[in-house]
Structures are given as structure tokens and as C-alpha cells.
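What follows is a structure written as C-alpha cells; I'll ask about it next.
As written, the chain order gives the labels A, B and C, with residue 1 at the start of each chain.
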Amino acid sequence: MLVAFFESIKYSGHLVPISFLRIFVGYYYLQNFISKFGGDFLVRPRVAEMISQNLTSSQAPEWLKWVLNTYMVAHWQGFAFTLLALELAVAVSYIIGYVVRPIALIAVMTTLLMIYLSPAATQDFLKVLLATHFAFAWVGAGRCLGIDYYFFKRVRGIWW
Amino acid sequence: MQRSLLGFAILLFLISPVIFLLFSVTGGFQIQIDELLWAVKNSFFQSFMSAFFCLFFGFIAALGLIKTHQHRPAIHAVLVVLCLIPQFIPVVVVLISVMNGLQPFPMGLPGIIIVHVVSYFGMTAILIQNQAQEVLSQTSQAAQVIGSSRFMFYRKIGFPLLRKDLILIFTYLTAVFFSSFSVPLIVGGGRGTTLEVLIFEKMRLSSDWSPAVILSLVQTALLFVLSFLAIKGRAKFSKQQASLSWLGSYAGVFLILIIMAAFFASFASAVVDGLSQIGNLSIYGTDLIEAFLASLFLAFLTYSAVMGFLFAFCGLGRVPHYLDTFLNGYIAPSTALTCFGLLVYFPADFYWSYIKIPLAFLLLSLPSLYRLGWGEKLKSLDPQIQIARSLGAGSFQILKKITWPQMKSHSRFMSGLVATWVCGDFAISRILSTRDFTLGLIVESLMTSYRLSLASLLSLLLILASGLCFFIVLGLDYVDNRKFKN
Amino acid sequence: MKHFILFLGFIFLFLFVSHVNKNQSLLTGDQKPVIKVFAYSSFTSKWGPGPQLKTLFEQKCNCIIEFVEGSDSGILLQRLKVEGQKLGADLVVGFDQFDLQKATVEMSWRALDFSKIDADSQIKAAMKNEYFVPYDWGVLSFVARKSSGISMTLSLDDLMQTQFASKIALQDPRTSSVGLQFLMWVLKVKGEEEGFEYIKKMMKQVHSYSPSWSTAYGLFKSEQVDIVLSYVTSPLFHQIEEKNSDFVALEMIEPQPLQVEFAGIPSFCGNCEKAEEFINLMMSPEGQKILMEKNYMLPVLKNVRTGTPFDSVKVPFRLLEIEFPSLTQVESILVKWSEIRREASL
């Protein structure tokens, strides 16, 4: 696996710049995760506050607003835990380059959700991030400098 | 080298509660010999008699299963479910039903034997039927052709061939009943004090657990010797699956139906009592749903833990002789001691209960699972593993391509069985958790606060959770098999 | 797909374990302190007084009450010893007079001031210690059904009659405090020698010695036995909750024993003042009423029963004095009882 990791530069060298971007985004997510986990994201209803403050003025579809207001506010702890776990999954996946394609699709969905839940100031950045995740999913960014190359060699298929 | 280390690690893991306690317990390590001998006498008497009657009724019930196996598959399936129901139902429910059904209920050793037989005769019947199918298939056809009667067949061929398997089942049952805790505690009535109950009394009475640790080691040693004496190998089995229905009898079917009908009738009467107070359950509100989900989640965690361990065990390839002998003889130390050992060495926060409880079940049930046929199945793969190894296959390759695909289904069943036990547990959960977060604990709380009828009613929900758990496991198995075939 | 699911599963599990292990006591300025109360399961269950007391207390104290359960006082003490300090126990509820000696020997406790408690005269003797405050009490007696035709007044010797053969449910004194109460009652009333002779005869007469009060009461409710050792307030539960007046507490000719339940604060408490305030709530008229109505035990404070169904409970005129036997005394009595039990079953 380790050999395949380095071998990938030779055979998927065109993806090296994307891989650096991928690792950088992964590191960004890891930093976010650490600050949220070390803080009170799981202990205090921050995500419920986010929903109640920003959702009404967002462009989210009505059904999503209803679901978030009815269920996610009441069960904010489970929702916060899931969001944080997905953030960690994205971080680890992007850094080591493992199951990058499906994780990138998950990241697209969570970033979209964050666009609806975040204040206007961060919308532009989140939209760029959304496009980045799309790009990672499209090119299969884990195939260079990532563990995905090991499986891509053996298994092929759309997920690697 | 890696496999030796893995084998040693498994051994160490299994005896870890004993090691924990030996290091943490200080005290005189003094025991009263009279009391010990009395408890050992009670333990042996109730376990031998329970195993004997279980085997007796189990054999008759097995005749019913054999009769319906080939030609009446639907009835056979129903009978198997009926036989397994007492295994899925929490012990407290079995106790309530049996004690309600038999009035006056004989407390003491007779009562313990009755409850044990009702709980295990069905499982014994299934074990005997499986063994009979494997061992007698080859000879039964020939005997039938030459016109042998059922009685002559069993007398001359059946029992001699099945003898070793019956002894193995008897020993297994003896070991299970020897270490049984809730049944002797509740039904013993103070007269049927077994070693297990004595250990609990010692721990409860005094903070010096050293006598309890000594008693536990004595119990383990006794069972080890007993099991060691009984391990003389099994009869060779054939792959041929001939019809044995001529060897069966409808008497077995009637026995199963009568016992289970009586069981359900007495359980139903307890539940009907509880229905009149169903409104009182509103005090729990959504807590019941959360408890239901928590019980299922705990069962899932336990299932994963047991599956993970069995997977790692399969990594051994060929089971080392010392480990096989150990597992065939070893019984985990007393439930109470194991649980207190985990209390000592794990953090005390509530969320750690989700780790301590599955770990406790893993430690307590593994030796039983090994002896329940899982070990035999693994050992039957030895020739294949030997060939693979001689052809140069690596350990992981053997595990992935040979051992695990063949052990997966059986492991899933075993893990599912443990998961269903967890669903209905309250004894271990009461010691290891800090609040009533599962259905079993809520039922126990109801029992301790005058509300016995409600406890019976809520145990219906417990049965639903246990059943759901088991059927999810069966479903997983079905899906996996289909996927594998395709 | 398998890789993806396993990876996600691993991440979720890792986060769960990390979250569990993380030190959650982030006591910032606006974070409420958590008071950990160790109690037995019927106190903390939905039916018990715990939840109502918790709600009342949390409204005033700006804190959170968290219950840690043990199944009974014996197991509670063991848990306290093993993990009390790790968990940060602030208050322990549910000891009876037989546990106090053991509790004092095995751990140290915070001294409490009882001077302001206006206790019932029958319970004043329970105040003769500086660490444990009594919060409720009960009188033990035999409970029977009126329809069974048993005489309403009995003596201990009457229990040896043939009508009671295998019809009495008692508790094992080694695992149940009620069982121990019965044993001490017999020895107190009859003297040690005669008392143990009585116990020998009772071994043949009794239906069973159950490991706990609830198991014995279950036998009685399922009509396996005609009488059970319980509390004089037990019939009241059936009258109020089940609308069933068939149950009655028998009046014994001998003075009847009392069981008193105590609460104490371990010396390693983290929120000792809040724990004391919780005890003050338990000892207030409001708290005593909740304890009385939920536990079906008698209140310690005077006049709390007045105007309630508990006023009709006939507290026997003759009661035994409350005693606090020493650990060695209890152990030697239990050893003797175990020998008798062993001989009886041989």
C-alpha cells in the first residue's frame, strides 16, 4: 500500500496539484474539527442556534426548513454529532486519500447544508468549497498521493 | 509467530477478569470449607439433574424435530422457533411464567431444575437433532432398508454412535447450569445456594472480595476438570443428509407443544394482569422508545464486538491445542465478579456502559459459544487450511478466502444469539450502568417497586426487541449469502 | 461501497469514544454544576421520589441532579467504594441502620447538623449519629389478604402453626435488609439462644428465603404464599394504586421492628453545599410528602401525614428501639444463620 502511495505520483502525476489542494482542504477540515471538538459544539446547542438564526432568511427549500426546524433543533446533539463526524471523515479521507470520491459527495451535501445554515458573510467561501468538492469527486483526487490508488489498481470501478 | 501471539492474546483476554481481580483484591483469601462443600454439592446436584432432565426431554423433543425435518418443513420451522423462544426471552420473563404456571411452585433445588429444563430443553432438542442428522444419516437408510425397528436401531446403532455427542451436550449443559446465577438466586429460596449465588452473597456482604475470588477460581477449576474428562472427541460425521423421519416420533412434537402452550398461557395471564394498568406506563412517555432504541443499539454493539472477536479468532487458522482444551473447559468467572472487575478498571461515566456491557457479555459468553459448536466447525476446516498453507497461502489470505467465508454464517448466528441476550439483560446492566436506560433495567425497576404486572406487560416489548434483533441478524445473513452467490 | 461504509463506521465510532472519554465538566461561568446522587433503583425510577425531588430542586438551585443507580443499599455501598470518587459522588441515599456501621468503617463522611429537624418521637433515636440523616422510615410486619382468613393479630410463635406451613415468604438476611431486620427482630424479642432455635424451626416452616424484598413480594402477589414480610404501609399501595382493599398488615403481639432509611454526604464530595441543600429539601414538609407518597414509607417530620391516606396507617403501639449493631455483631449472626440454613438443607 505504501509503495502504491508513492507509485501514484508516477502514474497519476497529472493529479499532483489537485492532491495538494485535497490535502490542504483536508487539513482545513481537521483544524475545524479540532476546534469544534475541543470547544462546546457537542455540549451546547450551537447548531440549534445556527438553525434558528439563519434558516428563515436562507434560500433552502421549504421542506428542508421544516425538517430542520421540527427535528434537528429538538435533537441538536445527534445532529451536531453527525455533522462533526462527517467533518472528521472528510478531513481524514482527504489527508490520506482514502475513499475520496464518495466522501467528496458527502462533503458536497454537507457544504450545501452549511450554505443554507450560515450567515451571508461566509456564503461565497462555502460556494467555492462546494465547487472544490465537486472537482475532487469528478477527478477522483485520491488516486494521486492517496490510498485510493492501491485499490484503483486492483479493483477499478467508479468509486476509486 | 504472529499466530502464537494472537492465540496467547486471546487466552489473556479471556482470563483478564481473573487477573484484574487477583491484582486488585486484597484480603485474607479465607473461605469456610463447610460452606464451600455445601455450595459445591448444591451446584453439582442441580446442574447434573438439570442437564439430565434437559437431555431426557430434549431427546424426546428431538424425535419430534427429526420426524418433521424432511417432510413437514413448515411445521419443523415453527417447532424450531418454539424451541428457541425460551433462549430469546429474558430470564426474568421465563421465571415469571414458570412460577405463575406451577402453583404451588417448589422452591429450592426442584424449582431450579424445573426452570432450567423449561429454558433449555428446546435448545437441547435442536442440538441433538443436528447431531443425529450428521451422525446417523449414513446408517439409517441401510437400517430402514433391512427392516430394523426404531427401538432396535437406537439400541444397537443410534445410541452407541450418538453416545459421545450426548455426553458432550450433557457436559455443556452441566457447565451452563453450574454457572447459572439468576435462576438459583431467585428460585433457590435460600436452600438451593450454589457456588455462583454464594459468590454473589460474599461480594454483597463484604467489601473484602477475596473469598469470592477464591470461590470463583474453585468453580472454574471444577468445571475445567469436568469438561476435560468429557472431551474424548466426537463421532465422525457424514455429509450425507438422508431422511431420518422414520426415526422420529410425533410424541416429541406434542411434548414441545404442550410445554410451550403451558408456558405461553402462564405468561399471557401475567401480561393480561398488566394490561389493566397500561395507563400507568404513560409516566415513561418517550423514555420507553428511547429505552427500546438503546437496547437495540447495545445489542448491535455487542453483536459487532462478538463478530469482531470471532473474526480475529478465525485468524488463528488452526486452533492451537492448548487454546482448544482451555476453551472446552473454561467457564468465565462469576458474572458479579466479572462485572465488578470491569467497574474497577474502566471509567465510571454513563457512556462507558455502552462499552462495558458488550465487553462483559463477550467475556462471559465466549467459552459457551465455542463449545456450542463454533469451535468444532472451525476445527473441521483444518484440512483445508493445511492444504492452503502447504501451497503457500498467507494467513490473511487463508482467513479471507477459506476460513471466514465458511465461518461467517455460524459466527453471525452466535453473535446474534448474544445480542438477543443483551436485549433482555438487567443483571449485568444493573451493575455496570448508572441509570435505567434499557428495557431490561426498566422492567427490573418495575419489579422492585410493587409493579409486577406492569413488569410482565413491558417484558412483551423486551421480547419484541430481542426478536427484532435476531431477525435482523438472520436477514443480514440471508442478504450476505445471496450477494455471495451472485 | 464496503470500504466507504466501514470507513464511515470507524470515524463515527472513533468520535463517539473520544467524546465519551473527553472531560465533560467544562465549568465555565454559565455552566451549571452537576450534583451526583447515588441511590437505589426504586428511588431513582420514574415511580420513585427521585425525579420529583430532582425537578423541584433544579428549579431553585441553578444546578443539575444526576442519579447514579445501584440495585440496593448493599450493592450501592460496593459501587461507592469502587467508583464513588471517580464519578464524584456528592450524596448517597438509601442506607438503613445496618449499613451505617459498614459505611462509616469503609469511607469517611461529612458531618451534618440535625438540630433543626422536628422529627417524629418514634424516630428520634435514629438521629444519634452525626453523619447520616434519616429521611423516611417504615414498620415491618407481615402482610396478608383479608380473604385468606388469617387472624389479624399474630405472634411470632403463631407462624409455626400448620396453616402457615410453606406459606410464609421471608427474605434472605444475607442479601436483603428486610430479611436481616426479621432475623434481628427474632433475636431481640426471644433472646439469642431461643431465637436461633426459632430460626431452625422456621427453616422448615418457611416457603422460601428470597434474595430481595421484591422477589418475596412477587411470590405473595402471585399467591404462591399467604403472608410476606413487608411494611405496614404496603397495603396502602394496593388501596391507592390498584383500588384493592384486600391487603392488610397484621398486628404482631411482640414489639415490631423499624427500618429507617438514611442519606449521607461522602467527605470527597465535590458539591457539598448543594448536596446539603438537597438533603434540606428532602427534610422539608414538601420533600417529606413526596418521599412518603412515592416510597410508601412514613415521613420523619411530624404532621406531614395529617390529612393524607397515610394518616390511616395503624403504626403499632409497641415498637422495638432503633439499634445500630456493629459490623462484627451482624457478621457473627449471619454466619450462625448460614450454618442453620446449611444444616436444614442437608
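We take it that contacts are C-beta pairs under 8 Å (C-beta built on N, C-alpha and C of every residue); 3 or more make two chains touch, one makes a residue touch a chain.
Keep in mind that what you see is a predicted model, and the values were worked out from it rather than measured.
A.B. asks: Just say which it is for the chain contacts: an open line, a closed ring, a star, complete, or other.
C.D. replies: line
A.B. asks: In terms of C-beta pairs in contact, which of A-C and B-C ranks higher?
C.D. replies: Counting C-beta pairs in contact for A-C and B-C gives the edge to B-C.
A.B. asks: Please identify the chain lying most centrally, where each chain is represented by the average of its Cα atoms.
C.D. replies: Per-chain C-alpha centroids ranked by distance to the global centroid put B first.
A.B. asks: From the mean C-alpha coordinate of subunit A to that of subunit B, what's the distance rounded to whole Å?
C.D. replies: 44
A.B. asks: Starting from the mean Cα coordinates of subunit A and subunit C, work out the distance between those two points in Å.
C.D. replies: Computed value for the inter-centroid distance: 54 Å.
A.B. asks: How many angstrom between the C-alpha centroids of subunit C and subunit B?
C.D. replies: About 34 Å separates the centre of subunit B from that of subunit C.
A.B. asks: At which residue positions does subunit C touch at least two other chains?
C.D. replies: 19, 24
A.B. asks: Show which residues of subunit A lie in contact with subunit C when the two form their complex.
C.D. replies: Within the complex, subunit A touches subunit C at residues 37, 40, 42-43, 81, 84-85, 88-89, 92-93, 98-99, 102-103, 151, 159.
A.B. asks: Please output the residues of subunit C touching subunit B within their complex, sorted ascending.
C.D. replies: 17, 19-21, 24, 41-42, 44-48, 67-71, 74-75, 77-79, 81-83, 86-87, 102, 106, 166, 172, 174-175, 207-215, 217-219, 221-224, 234, 237, 241-242, 296, 331, 334, 338-339, 341-342, 344-346
A.B. asks: Can you list the subunit B residues touching subunit C in their complex?
C.D. replies: Residues of subunit B touching subunit C: 34-35, 38, 42, 96, 99-100, 103-105, 107-108, 185-186, 188-193, 197, 200-201, 203-207, 277, 280, 283-284, 287, 340, 343-344, 347-349, 351-352, 354-355, 430-431, 433-436, 441-442, 444-452.
A.B. asks: Provide the residue numbers of subunit C that touch subunit A in the complex, in ascending order.
C.D. replies: Listed in rising order, the residues are 1, 3-4, 7-8, 11-12, 14-16, 18-19, 22, 24, 26.
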